[in-house]
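Please find the structures below.
Each of the two complexes below includes chain A, the first together with chain B, the second together with chain C.
Take a look at the complex of A and B:
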């Protein structure tokens, strides 16, 4: 295959090299498949937690919970992120993909690892949860499958870096890389760190499981595993923030308020976020208080600052673009006139708000050294990360897919009427999941727990408040909504790929990318577009909620026993 | 040019920062300092700061310490499993074992008094979740974690395992009593 064939997309003007295009397609399809599988397992988990339904038996519950975590948190995410990396390098820079054969090898390894992992866990002897804390032991092939998957993903990262080098050398673009590509670079750098940490802990664990290594220290395992587990989530954050900027550009023709601020905020993710994993160890033995305080805050919470900066500049750049295009009346005309019926935009905006208000605030609060005592390992934790990873990353990726899949496969989107509603349905369901899990967690309900009614303990029970049972029931109903939304997404994607109206070289019925807002447009009306009062109001609402919730939790903490 | 293309101004790093951005960054920076300050501040004025004193141990050694503790201070046996109820003196040490799938023994404390807890696991990792006080602490085998608890209300409390430890994880519940 000659690696220089490309087509220019009639709708977007972007260059798709066939080498990159095929890999984009297969990674996106694999991602959707694992989302479907993992989402189905999530349904079973939610229906079991709903105590009145209590669908699965205990052993199946723990097995399915393990599968749910791995499929959606690892496989769906990483496959999609590899697609994002190839898009941000090859497509956005108009460059051939470096070493497509290696990219295929990486893809095959990832598929083999992911499928093998599902098969092994389904055999029942590896229900160890995603964290697989030693000395709990899984089948050796469990660890091996994850290692294979990680090696595949690592290859994907290097193909991405290679493509950047090729683009630079062959001068396919001028000046600096686009902001969205810059964001993808930070995601890929964090991914390399993640995978190396994963190798440092999973390879010895694999050797231990086959009897070559004698013993693995449980505390050391936690420390290193979380260097991996924590930073893996930061890949998602960096990637979905890049997607937010991409969608702001696609739907509004927006550019960042200032390149310098947005890029610095991405850089801060690399420097301040990926090593800050002690919030997972705040109530562990043997970890000093000074280390906990320093590591969670890095002395001044600069990682949080980075996210809060993106939280302002993404809607801010949208506001500026809308004002430049004439929607300049009042505080919020720009937002009211946004295309709320376009799932690319609505998905992205729900992702932004959900990630910030539900995921971001709660994450910082429970990451405070002492407040964590109230929250560690309760259902609050999964409640929090369903807001960050699902409402934040997954919904952003879904929104991106509504744009990318038709462009990539040259097919019209099918079921547009359902697509219009899908982000709202999924967003509503997942908001419920997140809120009700966190609510149950504040009442002390443990995570990863089959039966909070304690039948079968021979009479030793604990009475959780009735509200806890209500929360779990409401969570179950929210799960159903979210799964319907998630399934609708998968059906629309698969339907589009298989049955969407072929476009060939024809343009789509509606234009799918907005022309970039020009300097003249920004400067018209005395540069009034540069003021973003609406976004500032939203940001201040966010800030006040954040501060209130933060101090309320210190108050809760003050009410419990003395702990020293 | 949008965020999908190279910045139109080649020297983008010399462009001035947007005014609203600067304001927001300053606000967030101060907020970060406040949040950073809260943790050491709570170490000084707050009453909830989990101790970090930790010793390497073995399941055998820790079991022996706990058995000695139970031997010395047991006041009665109780509950469906007929576990010893152990009432150590105020200010004294409390040893508690986490294992598949129970917490051993039952301890009886006095409200308002402080006790030095020694906590470890004989097998897997477990989660010490004291309800409804909602105090949650990770339990790791081969490490003896020592910290102080001061109950502020009397009653019957449950210790629920909140770290997945195996197929009987949901059966792992124990009791802790606080008397006036």
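Take a look at the complex of A and C:
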């Protein structure tokens, strides 16, 4: 097999080896397809939660909830991440892809697993939701489909590591790998742990479902499943942070403020991020308070600190680059003069702010054992992870796609006018989803009950305050907004791939990458570009919000049980 | 020439050597949660007295 053909992109100067290019294309396309499917199921979930609409009956609701979770949280994310891994290795290092045949085998396994999973769940006997807690039992093929998908993804990770080896051996780069590639390494490492944990628990569960294994311990299942379920979301975090750095370089020519600091923050992800899986077990008997506190507090805070470092250095590097290019007046000229009409930037920036303010702060609240109990297993939890995974990761991946798809497919982006608005629409809708779900959760609405009126439960008489119903209605409306935004993204991507004006070897009308800011530019004005007062003000706003919200929750907790 | 190289290699700080070694990082990234989360958790769950 010929594996040394490449083209040099006329717009970016990047080398696209044909082996990697084709895999990038198919993984990106598969990702968008599963986003579309999963997003549609999300609409049905939102419209059922909206009590006045209450679209689906109970059995269909749980089936659709299972489909929504797996399609967007697992399939869309991981297909896109495999594309990111191949991009960050083969393309960024200018090197051929290691073992493209294995990469194709992995891709085929992933597609077979994902399609099979959808088919099996739609048959109705596997409405066990994404977590598929034992002793709830699904069709054996349900577990098998996930195992196939996981094996495929694992192969993808090793093709990535193999490509790093090839690049090093063939000396296609000098010194250390670029920071964005380092972020991808972080994501791939977390992915390996995630997938291996998934295999450790899903293979015995599969054997149990076919009768070979007698019993699966429910506590052990939860422990190992969450090493898979929680860590899979940390692959997203590492990958979207890598995307933030990439976009800062692409749109602004920005250089990281400090390679050392950013890489150390990624290292903290590698060591600590996955331990926070324990926050799902905070009310589980069988594991001790020591286990819970070490993993969720001590370890998790180090991972959170790493996120705050990235949250500071990404806008900080943008500010420095903008100041070096002359937007140096006042505190926020650099931000005001940013290209807000470019979805690559606006999507990335909304992702950054949403992930930090909504996802990050609430994540710490959920990780603190004492205040976690206020919202444990309520709708607050989905509210939180829609802020991290959807507003954070999905929007960052969408932003990246606006840049990557035209470059990769050599097609001009279609519907540019809509693309301009899409990140705002999707971001606003998803902000609403996160806030209103968290609002309902704060009022005690359970996470997984299909009907908060408890119709047909024959005995539950609890009544939620009217505000809870309002929250769910507002959530439903936000879902509609977000789905319109998500659908617009899918239409633009599919439209670009199929009907976008072919670019061939022509350069794009507008340059799609900004020349890196040079040393001279940074050093002009005595290096004042490195002072980043605007970002520091933003960081202060963040810390104040963080502290306020955190202490408000302790106050709530203090009021939960009055002392008579 | 080769002497120059080896002294270069020695001057690379430990931390950078670690960060430049994806397989060592992979080992750490898999070992840490395997021990502190999976291992510790499983030991606790399976040592709960049965009655």
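The working rule: the second predicted complex is superposed on the first by the 555 of 564 C-alpha atoms of A that agree within 3 Å, B and C clash if a C-alpha of one lies under 4 Å from a C-alpha of the other, contacts with A are read in each partner's own complex, and residues count from 1 in each chain.
The rule is short, and it goes like this: a contact is a pair of C-beta atoms (placed from the backbone, for glycine too) under 8 Å apart; a residue touches a chain by one contact, two chains touch by 3 or more.
From a predicted model like this one, the values you see are computed outputs, not experimental measurements.
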### Message
Just checking: does A:316 make contact with chain B only, chain C only, both, or neither of them? Give me first, second, both or neither.
### Response
first
### Task
Would you check which partner chain A:139 touches, where first means chain B only, second means chain C only, and both and neither mean what they say?
neither
### Message
With both complexes superposed on chain A, which partner does A:412 reach: first (chain B), second (chain C), both or neither?
### Response
neither
### Task
Name the contact category of A:217: first (chain B only), second (chain C only), both, or neither.
both
### Message
Quick one: is A:275 in contact with chain B, with chain C, with both, or with neither? Answer first, second, both or neither.
### Response
second
### Query
Of the two partner chains, chain B (first) and chain C (second), which one does A:190 touch, if any: first, second, both, or neither?
second
### Task
Pick one for A:164: touches chain B only (first), chain C only (second), both, or neither.
second
### Query
Which partner does A:227 contact after superposing on A: first (chain B), second (chain C), both, neither?
second
### Query
Just chain B (first), just chain C (second), both, or neither: which does A:11 touch?
neither
### Summary
Going through chain A, the residues touched by chain B and also by chain C turn out to be 176-177, 217, 219, 281, 285-288, 299
### Message
Show me the residue ranges of chain C that touch chain A in the complex, using the header's touch definition.
### Response
15-16, 18-20, 22-23, 25-26, 28-30, 32-34, 36-38, 40-42, 44-46, 48
### For the chain A and chain B complex, residues of the former touching the latter
58-59, 62, 92, 127, 129, 133, 135-136, 173-180, 217-219, 222, 245-246, 248-250, 253-261, 281-289, 293, 296-297, 299-302, 304-305, 308-309, 312-313, 316-317, 364, 368-370, 373-378, 442-444, 446-452, 454, 456-462, 464-465, 516-517, 519, 530-532, 535-536, 539, 543, 546-547, 550, 554, 557-558, 560-564
### Task
Please name which positions on chain B make contact with chain A in the complex.
1-10, 12-13, 15-18, 20-21, 23-25, 27-29, 31-33, 35-36, 38-40, 42-43, 46-52, 54, 79-81, 114, 119, 123-125, 127, 129-145, 147-152, 158, 160-171, 173-175
### Query
Residues of chain A touching chain C in their complex?
161, 164, 176-177, 182, 185-186, 188-190, 192-193, 196-197, 200, 217, 219-220, 223-224, 227, 231, 263-264, 267, 270-272, 274-275, 277-278, 281, 285-288, 291, 294-295, 299
